[in-house]
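Paired with chain B in one complex and with chain C in the other, chain A is shared by the two complexes that follow.
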Partner chain A sequence: MKNWIQVFSIIDFISVGILLTAIAMNALRRLESCVRAYMFNSWLLSFLIAIVAFMIGEAHLYMASIVTFLSKGIVIPLFLRKIVKQMKVTHDVEPYISNALSLTISGILVAVVYVSLREGIFVTGFSRNVLQISTAVILIGLFIMISRRKAITQVIGLLFMENGLFLAGFSLTFGMPIIIELGVLFDMLMGVIILGIFAIQIKRAFTSSDLDKLTILKG
Partner chain B sequence: MNPQNYLYIGALFFLSGAVVSLLPLPKVKNYTYILSSLGAVSFAVLSLFLLFAPPLNIFSISISPIFEFIFCGDALSGFFVMVISILTLSVSIFSIGYTKDIGNKGLKGFLYNLFILSMYAVVMSGNIVTFLISWETMSVVSYFLVTFDRSEKSAKAGLIYAVMTHVGTAFIITLFFMLYKNTGHMDFSNIKAAITEVPDDVKSLIFIFSVIGFGTKAGIIPLHTWLPKAHPAAPSNISALMSGVMIKTGIYGFVRISMDIMGHGPEWWGVMIIVIGAVSSILGVLYALMEHDIKRLLAYHSVENIGIILLGIGGAMMFKSHGLYTLSAIALIAGFYHTLNHALFKGLLFLGAGSVMHATHTKNMEDMGGLIKSMPYTGLFFLIGSISICALPPFNGFVSEWLTYQALILGFKSPSITSKIISPLGGAALALTGALAAACFVKAFGISFLGIPRSSHAENVKESSPSMITGMAILALLCLIFGIFPGAVITLLSPAVFNLTGSYGMLSGKGVLHISETVAALSPVAILITMVITSVATIVFIFIVSGKKKVTYGGSWDCGMPALTPRMQYSATAFTKPIRMIFKRIYLPRRELRVSYIVKPFFVKSIKYSGEITPFFEKYIYEPVTVFIHKFAGKVRLLQSGSLHLYLGYILITLILLLIFGN
Partner chain C sequence: MEYMQFLIVIIFSPLVQGVIKKLKANMQGRVGAGVFQPYYDLIRLFKKDMVISGATSWIFKATPYIVFTSTIAAAMIVPVITTGSNLSMMGDVIALIYIFALGRFFMALAGLDAGTAFGGEGSSREMTVAILVEPMMMLSIFTAAISAGSTNITKIAEAQGIFYSPSHILALSAFIIAVIAETGRIPVDNPDTHLELTMIHEGMLLEYSGRYLALMEWAHYIKQVLLFTIAVDIFFPFGISNNMELSGLAISFSTYLLKMFFMAGMMALIESTRAKMRFFQLPSLLGGAFILALLSLLIYIMMGK
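Let's look at the complex of A and B:
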């Protein structure tokens, strides 16, 4: 009865959705949309975990799925949205490079990952593509951190990287023990809160959350 | 008494001197230098044991098989211990008076004692680890002494010194690693026993590294640049020690590696050392001539004298490679004798300079003048030092330079053509050096001590305190004694020389020095007697001819100009003008005349003239290197832009490259 998952390549569909939400980040102009993209990304991630849990019948993966959904899919996006509202002045993303170029580079990154991981490692065997996609998501997250000016986009880039890492770990090991998952999630929650507070503090100190202003701190 | 005990007692004296100096009791602090001089006496006794007894293991502490402290001594160490002890004794006595009213006295006394102990440790180290640790301690402590007065100029001199000395140390560490890798031993005696296992090419590389590494400390040209900066920056008693003995530790290290441990090498080793010696001696004295800062002048003379010492040592190495052991021994005796002599008279001259600066508060000779009237003892001792360094009889410099000449001229006995050509050329270089040194000290002594005061600095000066005079007097007396009785000194040197060359090379009878296998002989006593008789005869003759005993005083001849002023005196710059013209190609003098007018071209407001010589090595060797390093560092600094995005970009690029090339 579980054959339909394989037959319709459900896992690949969801993974591609994760990749697409990451790539969409490159084209979005407003901070709220970015947060929403992250939210969808997290939902897809938790859905993927649930599907795999259903496929192999592991009870603790349902747990992981639910926790992921609650923290990454609801709490963090809400918190980020609150920070964005507190920024008040402008909700523009302010990238360094044009969106078109940004999208091209993301495409190149995906291509690079697919070319270099052609002989990928398939430990779990539930999909050929998940490892490549997760690596691509990591790189795109990092690229977003580089190419965007605002502190809040740095946080979102970091969160995308974390999702990518989670996915990569999951594709290799069927998920880590639940206690580690919980620890990582809790760490991330704290990280986001601290980074959010920092973003507001930077905004207060420099009257902008533009990280370029931080270079004056250099010795 | 057990010879080791003298070392323990001596070290105890120095350590207690160091501790006493740090105590917060002003009265007690003054005993620091008395303790140091007692320590020096104790080490002097030890040096006699080392010179005449078989090699001695003093003590060793083993922390692990590699990390082991060994102190031991043979005749070579003994000779250097003796040199250090003699100078330390007199400098310590000098320092009692000299440091009476300087600031931060406690720290200085502490560093002073530590510095001397570290020099002893260097020459008595028995293995690589001990040597390197002692060597670094010596460098670091002397760095703190150079920057002691905390002025910006001293800080810069200290920086140059620190950089140069560490570059040198890098070479020394490398050469020791090469020795360790090829022989598998850490201590010097085992390395020496296993030296045949080292291939010849590696030996030559080790030799070159030892020339660079130890040459930096010794101050050979072109590695000398730190020397004329660091020595004047240090307090005078420290400069005396640095110039007198610290740079000799470079000679010690070089002789230890190249002649003792490696035995003998191909001919070109010796030739290279002779060439370096000749260049250092001539350029050293030429630059000294152009200096008007009395301590910089003396520092350049140290470069010159290191050159003369190396002429002797290079000759010894060259003759040894030809199997001419007697000749080699003579050359080595000459080198060692000059090492001792240089410690004595350069120590004396630096103490004299310190005494003068203590009284006049200036280093510039053009501001001195007429000091011999107000400071007769300092003047006399400075004169004795000057005569010694100019190699005039009956003082010690004469004997060692005479021996160097003899050794180099006898090079014609060597079977090799190179040696036949290079050794007389070395002798010629030495002759030129001697003449220029004489000119230089006529200037140094004449401008500072004779004439009338050139500035307010030189007026109303007082003679130095008795302890300072005593310190100088000891050295002056030794200059005379070592000049008159060379036989005694050669007896002290011969065990070390015999160990290194396998020959004694010298026969000395009653006050007469005969060089073996030749007709050359020298009797300083006879020279002294002749000099005394001639001068007495001259005085008697003058009395007979003139017959006048009445002395009349009159004003100096003023060429018809009324009122002589000090500015009309011969200045140091003027005195050296002929030499500056002759050696124009070396000095590359630059002159600048700046005239400002009220109305051009008739009414001149002021004329400013400045002239200087081009510091060749700084400008054409060191400056390009430092400029390159600065530029390179500036480029590297761009990497650290402070932009968070750029740093993240580095990570992304690294990740992508790893992905692409990782598999």
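Let's look at the complex of A and C:
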């Protein structure tokens, strides 16, 4: 079984999948699909942790995987989807720049990460590539945050950044048991609180008024 | 004898088109024409007289021959059932893409030559799509070429293993989108209509009739099968023979037919389940596919596989 993981390079496939779901955020037009992209990203992340836990045989990493799956893979996406449904406005993403341009910029970001981390001095745990991919995910999440208009897409960008940070930390030190799990829980809590505040503000701004009034308010 | 494998592409290309049309009709709940219908169409067109506009120049008359011969020249480079011997010393993938570009250039000129509005429309659209597709095709082929250490298609086909890496999967998906755009299939162009608002490839051929139209259509079928063959050679070449033994050739030929049937089924599935995109949305799709190809190259460079 461990041989199969090596032969089919499953870790590489999963980490590339994590990168692809982050890049797909730039091409998606509807908020629901953005939430789904984040959900797949979290599933892949927890699956990667489970695979690594299986490979090195650490029991507490299974715990981290399950906690990640439950919190980021199920609770937060359901919550986000509920908020998207409650916002009785258009479900379009409405970025500041076109999809093709933002795809290109995220491709450039990946290239920059690869070039700058090619000769890394980092002693990584299980795979050298995962650190680069996680850094790229962090940058793409940041880019999504600054290039989207809606509050909910900015939150999703933040969550992508958090996933990337978690993956980077995990790839550098996968021997940190309790802190990682507590960090995941705490991040989830923070995310939910932030989202609650955002949701209240979005509802207050949107349900009473349409988008035209919103532009007037912005001045 | 061993240099004759490109004849397979030339002879079987209308059949592949017929199979795609039949599968597509069946998926949409129609009976559809028989799989040999493209042959009947070509034979009928070869028998018909031509009507040539008086406003056209020599380019209009030379283009069918240039397009047909350049497509056949491209077919000679590609290994179809054996990598043992072909004319690959003539050129590599880059030469192949520019041989296609030669045919496309003259086709666009001929579309402009008759001076009709639809021809010019088709030419300008074809060139717009080509600008987006060519670099994407190059990049996705380069991913396979780096791992093989050569841009020669024969060498690439020989070097591929059974186990795949993420970069190959990404390059394959980008290449499939490039094939769809190059063959004028549904998310990009609708091959079945002559509706002036949507047509790209048909717009350029609108002034042709009779023998010239048959040559252009046949060249289009050959190009389609050739692109499928390149995809098969580069990304899943298992089963291809590396010598001229008869038994190996038989196995190779049957796996080749199976792979072509698989590609035809995939194209029919994509055509039946997707809607045609608006022309100005195309840069979004093709740009996304370009990013996929770029990522495949970057991931190959980073991961080393």
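Please note the rule applied: the second predicted complex is superposed on the first by the 186 of 219 C-alpha atoms of A that agree within 3 Å, B and C clash if a C-alpha of one lies under 4 Å from a C-alpha of the other, contacts with A are read in each partner's own complex, and residues count from 1 in each chain.
One rule holds for everything that comes next: a contact is a pair of C-beta atoms (placed from the backbone, for glycine too) under 8 Å apart; a residue touches a chain by one contact, two chains touch by 3 or more.
Remember, it's a predicted structure, so these values are computed and weren't measured experimentally.
**Q** Based on the superposed arrangement, let me know which partner A:145 touches: chain B (first), chain C (second), both, or neither?
**A** first
**Q** Regarding the shared-chain residue A:153, is it in contact with chain B (first), chain C (second), both, or neither?
**A** neither
**Q** Check the residue A:27 against both partner chains and state whether it touches chain B (first), chain C (second), both, or neither.
**A** second
**Q** Is A:9 touching anything from chain B or chain C once the two structures are fitted on A? First, second, both or neither.
**A** In the superposition, A:9 contacts chain C only.
**Q** Based on the superposed arrangement, let me know which partner A:135 touches: chain B (first), chain C (second), both, or neither?
**A** first
**Q** A:65 contacts which: chain B (first), chain C (second), both, neither?
**A** In the superposition, A:65 touches no partner, neither chain B nor chain C.
**Q** Which holds for A:104: it touches chain B only (first), chain C only (second), both, or neither?
**A** second
**Q** Report for A:116: first if it touches chain B alone, second if chain C alone, otherwise both or neither.
**A** The first partner, chain B, only.
**Q** If you look only at chain C, which of its residues touch chain A in the complex?
**A** On the chain C side, the touching residues are 163, 165-167, 169-170, 283-284, 287-288, 291, 294-295, 298-299, 301-303, 305.
**Q** In their shared complex, at which residues does chain B touch chain A?
**A** 640-645, 648-649, 651-652, 655-656, 659-660, 662-663
**Q** If you look only at chain A, which of its residues touch chain C in the complex?
**A** Residue positions touching the partner: 7-9, 12-13, 16, 19-20, 23, 27, 98-100, 103-104, 106-107, 110-111, 114, 118, 129, 132.
**Q** Using the touch rule from the top, collect the residues of chain A that touch chain B in their complex.
**A** 96, 109, 112-113, 115-117, 119, 135, 139, 142-143, 145-147, 154, 211-212, 214-218
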